[in-house]
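Handing you a structure now.
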Amino acid sequence: MKIGPNSTRQTSISTATPDQIVIRGMDLCEDLIGKISFTQHTWLLVTGTMPSEAQTRALDAALVAIAEHGLVPSVQAARVTYAAAPEALQGAVAAGLLGCGSVILGAAEAAGAFLQQCIDAGGDRRSAIEKVVSDLRSQKKAIPGYGHPYHKAHDPRTGRLIEVARELGIFGQHFETALLAEKVIPEITGRALVLNVSGAIPSLLLDAGYPLLGMKGVPILARTASLIAHILEERNNPIGFALTEAGSDVISYSGEVPEGFVERTGE
Amino acid sequence: MKIGPNSTRQTSISTATPDQIVIRGMDLCEDLIGKISFTQHTWLLVTGTMPSEAQTRALDAALVAIAEHGLVPSVQAARVTYAAAPEALQGAVAAGLLGCGSVILGAAEAAGAFLQQCIDAGGDRRSAIEKVVSDLRSQKKAIPGYGHPYHKAHDPRTGRLIEVARELGIFGQHFETALLAEKVIPEITGRALVLNVSGAIPSLLLDAGYPLLGMKGVPILARTASLIAHILEERNNPIGFALTEAGSDVISYSGEVPEGFVERTGE
Amino acid sequence: MKIGPNSTRQTSISTATPDQIVIRGMDLCEDLIGKISFTQHTWLLVTGTMPSEAQTRALDAALVAIAEHGLVPSVQAARVTYAAAPEALQGAVAAGLLGCGSVILGAAEAAGAFLQQCIDAGGDRRSAIEKVVSDLRSQKKAIPGYGHPYHKAHDPRTGRLIEVARELGIFGQHFETALLAEKVIPEITGRALVLNVSGAIPSLLLDAGYPLLGMKGVPILARTASLIAHILEERNNPIGFALTEAGSDVISYSGEVPEGFVERTGE
Amino acid sequence: MKIGPNSTRQTSISTATPDQIVIRGMDLCEDLIGKISFTQHTWLLVTGTMPSEAQTRALDAALVAIAEHGLVPSVQAARVTYAAAPEALQGAVAAGLLGCGSVILGAAEAAGAFLQQCIDAGGDRRSAIEKVVSDLRSQKKAIPGYGHPYHKAHDPRTGRLIEVARELGIFGQHFETALLAEKVIPEITGRALVLNVSGAIPSLLLDAGYPLLGMKGVPILARTASLIAHILEERNNPIGFALTEAGSDVISYSGEVPEGFVERTGE
């Protein structure tokens, strides 16, 4: 049965013979294993070209910055899932990644698109930002990459990623735009919202030449490492059921009850 | 409601204040971002300690070796899922990872356990291997880490990972045991089965000091990078529906049909 | 750490004591188990009220109509995943459901929203449809619920669901609007696109009083039953790897190769 | 590339022409839509034959019994995932289902296998149960289907399912065995463990003739309905982030901290 558009029926990522595996035009065993880092390999897989030293270090910095931040929703979903289904570590990782969505973690892609839109508008950068921010505000949408519920005054990862961009000599128009927007936002919204790590990552990586389309993959890959670490800790020191027990305890039932129902507390 | 065993209700992976994020006892911004690679960070997250240079390069080599091998089942599941649900890249990655199971990819952990069992048995290594292999065979179980449906005569990644282990000076008893088992297996089973990449990875990493419990995370993390690359290619050059169309075409219906049913071909 | 908006911290779906389980205000053991069907229970869970006989039969008809349609993408993803990871049936079901997205299956919700929009516009229905269809067309968006790649001339399930709506005495403005739109679409787009099952389901269910917000759950629940059936067949008669092999065979590699690379065919 | 065993490359679940859809030998539109319930359809899909009235009602009772039980781990995982990724309802359902594992919910299949093992042993039933329970105990494994962390004295669903089995005239050797085991267990383990809903469901359904292999699908399908209801509630009345906030609050950090680190409370 045929569904969807015709396609070229081609892939350009890899091919193999029984003796040789080719990835992005290179021989996996001759050219890549033991010669490049996993971060270089990721850049190669995603973009088709080998990264420069600065590009590798920028991607490393972004991945390290976003990998781990405690018992965040994706981690809790993964640990709870592992507690219930320890036969499938991959299922617990998958459950965690399913929470890398538009509200959490996925914001890196939206923030990158925001920066790109401000830049592509051309003309005066400040005016462009003002227009994009005003449009978002009039649609009652959040400004992606700004504000953090915990790191309210400043997101410490952002400051460090700015330093990294400067150290690598790649600080450019995307990061400039992001920082300018941080100044413009309170003028328009009346609220100071700090550039957060999900805004700093596309600033750094777009300046480094990493493609916007690949941005959502960055927090997903980074978080995978963190999820694996948490699931291994869960195996040795389970807290999954304690997490859900605590969750249940703060939510009360507000629906109807049958006649004669007696709630028992302290269970 | 309380489910499951009491727990210590502790985590030792990370904590934070609004100004500082601590990961495995280190300051994320001061000590890690821009200073270590993502592979070092992964080792740190999983084990709690910073890897040596050789350990980092061993983990890099393992991740690069297993990340990508064309349109394998996990990649097809991810591309098909993305074609059907392009609104959620994370869902397509999750669908791909769900296929990192005991038969495919997950074999690295089972192979590591096999090696560990042969070593922990003590005594003569060859005798230990013979016993473990014979036991698996009598239970009609596969020997994890041996044999490959496509790389039948040799898995090119294995040879390269042996070289890497030697280059890094960490070639040790796990890899020795794996290669000895490769010789013993045909004597017992009558079939030559090559040490494949899923057997070579735990050989390398256990020799490097990476924990057996973390082994399944290696192919999962590696494959995540590959899935992201394939999903981005799918976005630009969709083949997802062509894959399922081809799948349907090779499967015939063997059930009953209602009276008067006329199969129409060429649809 | 606090993320996201404050909430009321309430749920009205269920509560329990050690002796009694309350669901939507009713006693699970006294009132529901053995007394209502799973379809009635689903309606109760989703809407909070017990369905009428006609509502139950409408939901049954919709679930039966959309559950199964052969080796569709979601089924292939599930079977491939089970073949690779047989230790986790739930993972294979999850992989299949992840493909219930905006392009496939998820269209029922979008089609329902389309119908609602045409109705809510008020005034002349035909004019309202013309406007909504024209708007979609000018945005180069598909008209959700219309056209089928295989059932091109008519979707047999649609005709049957119209009959069911009439038998149940609930055929109303949503189905009327859907059928009127089927006539209007070719006048505007120049292409005849049949009302498909994903358009017929919200027509039937919105006329029955099922909430639009719950529409996406209908194909998801229905498909779960089908995925379970396919995974059990996969257990006894595996075709998962045959599906991926067939997929790989129709896709060619279009990237670079290293010097000296010799493609070997017939593998 | 070829992976895995040769297969017959056949399916017997469904086939179609552009005009007709055949499911398990029946015409979907003529024979099924509007004529059978979703529960009958599920039985037909899974087993290949149409259920009797008693079989349908038994499956309905089992699905209703296990669908919903408040903010259990799978529900929390789903709600948290939806809060983070509201663009993909199917992802939140999938995250919830991934927690239908061997510890939670999946126990129905293991409990059914336990009963089958006791019955297949032949000879005196009590002796057979004593042996199987003793074996599990010596392996320090839980007895699947017995004990509940909340419904300690009795699981109210179990009593009701016994009544249903009797009302339907299908109470048979599986349920008898399950109740006999409930008596035997404290004699061997010294602990009274009540037959819980995950033990009562296979008792009922195996007596009804439902296949053991399909048992795990029952809680998965049932829970899907509940997950959809919870996700819709989450959309209107979000508690996902409150759940994770409460979870974080009960877990303390037990790892190292950098010199000078000052924990700030009350954040």
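Order as written gives the chain letters A, B, C and D; numbering starts at 1 within each chain.
The rule we apply is simple: a contact is a pair of C-beta atoms (placed from the backbone, for glycine too) under 8 Å apart; a residue touches a chain by one contact, two chains touch by 3 or more.
Just so it is clear, the model here is predicted, and its values are computed rather than measured.
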For subunit D, the least number of touch steps when starting out from subunit B: 1
Measuring between Cα centroids, which chain is at the maximum distance from subunit A? D
Chain centre separation in whole Å, for subunit D relative to subunit C (CA means): 23
State, to the nearest whole Å, the distance from the C-alpha centre of subunit A to the C-alpha centre of subunit C. 29
When centres are defined as mean Cα positions, the distance from subunit A to subunit D in whole Å is 33
By the touch definition above, subunit B meets two or more other chains at residues 1-4, 8-16, 18, 20, 30, 70-73, 83, 85, 87-88, 90-91, 94-95, 98-101, 103-104, 106, 150, 239-242, 244, 248, 250-251, 267
Mind pulling up the subunit B residues that touch subunit D in the complex? 1-4, 8-15, 17-18, 20, 22, 24-27, 30-31, 48, 70, 72-73, 85, 87-88, 90-91, 94, 103-104, 149-150, 250-258, 261-264, 267
Which of the residues in subunit C come into contact with subunit B in the complex? 1, 16, 70-74, 76-77, 80-81, 83-88, 91-92, 94-95, 98-106, 150, 239-244, 246-251, 267
So, in the complex, the side of subunit D touching subunit C is made of residues 1-5, 7-16, 18-21, 23, 28-29, 32-34, 36-39, 41-42, 45-46, 57, 59-61, 63-65, 67-71, 83, 88-91, 93-95, 97-101, 106, 150-154, 156-157, 159-161, 163-164, 167, 211, 213-214, 216-217, 220-222, 224-226, 228-233, 235-242, 244-245, 248, 267
